[in-house]
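Each in structure tokens, the structures are laid out below.
There are two complexes below, and they share chain A, which is joined by chain B in the first and by chain C in the second.
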Partner chain A sequence: MNDLSVHFEGVSKIYPHFTLDDVSLELPAGTIMGLIGANGAGKSTTIRILMGLVHQDRGRVLVLGREMPREQAAAKLDIGFVSEDMRLYGPATLAWHMNFVQSIYPKWDQPYAETLLRRFDLKPRQKIKGLSHGQRVKAALLLALARRPRLLVLDEPTTGLDPVARQEVLGELMAVLADEDRTILFSSHNTLDVEQISDQITFIDRGRIIASDNKEIFLDRWRRLRLVLSPEADVPSLPGVVEVGGSGRLPVLVTNRFDPAMVSACNDAGATVQAVDPMTLEEIFVANVHSRREKQIV
Partner chain B sequence: MNYAMVKRLVLKDWYLQRWAILGSLVGVVATLGIIATGGKVAFLLGLILLIMVIISIGAQMAVATIVTERKEQTLPFVMSLPISYREYTASKIWGNLLIFLVPWLTMVLGSFGLLLWSPSSRGLLPYAAIMSTEILLSTCLILAVALITESQGWTVAAIMVGNLAVNGLGYIVAHIAGIAKGMWGPTIQWSGAASAVLLAEFTTIGLLLGVTFVVQAKKKDFL
Partner chain C sequence: MHSDLVISQTDGRPMYLQIMDQIRQRIAVGDWEQGKEIPSIRQLAVTLRVSVITVKRAYMELERDGIIVTQQGKGSIVAPNPRLGAKLYDEELAKHINRVAQLGELLGLTPKELASRVREAADRLTKEYS
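Presenting the complex of A and B:
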């Protein structure tokens, strides 16, 4: 358990209109995990519990070996946190914020902060209220990164950014990966962003973790099969089929356990495989969510 | 309790509110100047202005450093720092009280000095002490409500209640026999009634701040 940066064990939080239900999650050190979910799925609640800002009703949370929320002050000394709803003080300059954060974090890296200033094209003497949304996100990211945290927690940081600012932010995050000891938890409803930087993916929907695995495993195992059935054939029974679409003799199957042997299995069953399409993370996420919701209804 | 962190957060609020603090000090000194001119109208006008300035600065600080912090979403930034909510609460109480004490003490020392300097007004000193403490109590009420509710609506309600309490208590205390008797005389007559009211005020301040810490410690959601 020592090499786990984040460990959630049966964590629940009950609100009048939303429940985070029995969440168990492990984030090994050095991993970049993308937490993907629709709006209101429970991403922010999970992250707030991780940060000790919301207390779980049940379950255990360990962050960097610290029990949360009890040891949140000690844990947060090694965490950099940026969230979409986080703002800096408008009347103060970025330089003031940098000095303030530097006075708190002994590991503050001033040369790195200056490098980030140049890379993000930020002016330290500029007041925060004069910055654009993109610049404010970059400023918050700078303050989080230059403290050299062991764990970086980013809650929808790219929301509302223009494409250029988004790519700059993502680019900097990818540069941070050079540090093997750094662990990142990145939440977003934008699967493209998550796909770019994460090596571990967790899907969350309606307060429950519905899937969590290595990104490559997701991308390798999920496939869309376009079939043509012979007149007397039925849709073949294949492993891991989560969705059957298409119509009549042209069914489209989505499987989460694709194996090349499936193609010959289909041929044997009287179905010709017209195409085996790889799926994007967004398509995998949507198929995953639909499949789980349908199971819940049944 | 990480006192070094509490101190940093207090200094942060002082820095961000530095112009309001300076403005309040100028306001207090200006109203004391009006009172010092000696006329009866100037005395009453100055007194009303002084109370207004002091109450306003207490309310303004609570709104600016607590309610606005949540409203303008700077609270997530503060809470991302290595602090617990206990330290956050301590920093807000100390930060606000210390800021408030600057103009409040200026008011207390200034008004006491003026009363002692003018021999015919010395009898007002116990009443002035009670009313100054009532203003401090009113500020603590606003601070407690702002911290516990983090709501603009409830804080505004507390400001109104605090204002009414200052006026109401001012009237009631002025009619307590033990206090009213020597109020307009040339000598200070410190009665048991005056001591009891002052003790009740300080006890209430202690209770308010204690309850604030207890309620904050039991909170489960900070964002």
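Presenting the complex of A and C:
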């Protein structure tokens, strides 16, 4: 029994203007992974390879124990996929779509579908073309969730949603996780959503994975230190410093290997630690991207 | 029953610390009784809409502090620990003492003067009760 729902090993895909380079990922069953990246970083390419929609040039992809893209038909019975460019059939109603999906997937759960209709405040008789963007996203999500898939893959599920709809969607995603055999992978550039509900976080930039870890580790190890140097002291050299800002006697350091012992080490070196700020995932992501890009240039 | 925990996005502290604090309070005021079952990690994560790993971390630290007990495959209970209340008050006391020390420094009091002020206060309290 393989308890990894998604497993990428050294996956590459070369396009004329973009390369997905040596991507390795492990997503254990029962967890949520948030894939964070700027626009064009490779999030959607990664997801398309995972779904077998794009074939990798190199590397191995296992999804729910199935080899992709070779066994994609079998794998997809248990994957629910919602993407931004999801095309529902405009002239038909939501009820028509529900019937259609139900006729294909034997695990369709009608009572759950009806619960979701109420929670998402959707009307089955409404035609898709009359729905707002937010309603369309929720409709697509309903169609995926009610199949009770073991793996949910969501490409930017909360983009363009109003705050109420966003919370409804996040709540429903968490409800899926109440069952510990279900797994969610979602991409987003909204780091707040990812910070709130993800267990695992993967940063992707320019086609490469630049960091992948559990969320608590990210939030624990990244700190911004604001220092006051005594006149003759230099900026102390600390482990894991990725960014030095501030000016003159008031430097600001960002480290990704924070340890409370650093504070006394700084004080000993003639640098008073004025503040140790925790960082949001967004700040961590931006600092991470900047430091990687600088290294690439050098 | 447990949806009354509130995670604040504007509270600067990490989410796991907020969860720990609120669970401690629930126990301190007796909402969550000693020896009683508390929500599973997954249940609480779903209700609070925060990641499983965050709640897991809060539970692990609470267990390390001896405030809850997690049994393999059985879920978690509030520790049947008679010193639980004392421990909570102890933490509260530590907070106030820190504050006293800060104020003392602000007023330029020496540790000795500070200590005698604390002693006076304690003496007054003893007199009131006797």
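Going forward, the second predicted complex is superposed on the first by the 297 of 298 C-alpha atoms of A that agree within 3 Å, B and C clash if a C-alpha of one lies under 4 Å from a C-alpha of the other, contacts with A are read in each partner's own complex, and residues count from 1 in each chain.
Heads up, the rule we're going with is that a contact is a pair of C-beta atoms (placed from the backbone, for glycine too) under 8 Å apart; a residue touches a chain by one contact, two chains touch by 3 or more.
Bear in mind that the values here come from a model prediction, so they are computed numbers and not experimental data.
Once the two complexes are overlaid on the shared chain, A:Ser103 sits against chain B while remaining clear of chain C.
In the superposed pair of complexes, A:Ile197 makes contact with chain C only, with no contact to chain B. In the overlay built on the shared chain, the residue A:Leu219 is in contact with chain C alone; chain B does not reach it.
In the superposition on chain A, A:Leu53 makes contact with chain B only, while chain C stays out of contact range. Touched residues of chain A were counted for both chain B and chain C, and B has more of them. Legend: residue contacts after superposition of the two complexes on their common chain; A:Asp85 is shown touching chain B, with no touch to chain C. Shared interface residues of chain A, touching chain B in one complex and chain C in the other, do not exist. Interface residues of chain B facing chain A in the complex, by the touch rule stated above, are 2, 5, 8, 12, 15-16, 72-74, 76-77, 79-84, 87, 220-223. Touching chain C in their complex are the following residues of chain A: 30-32, 167, 170-171, 174-175, 177-178, 180, 192, 196-200, 214-216, 219, 278. Residue ranges on chain A touching chain B, taken from their complex, read 48, 51-55, 69, 72-77, 79-81, 83, 85-92, 96, 100-101, 103-105, 140, 144.
Contacts from chain C toward chain A in the complex involve residues 9, 12-14, 16, 42-43, 45-46, 49-54, 57.
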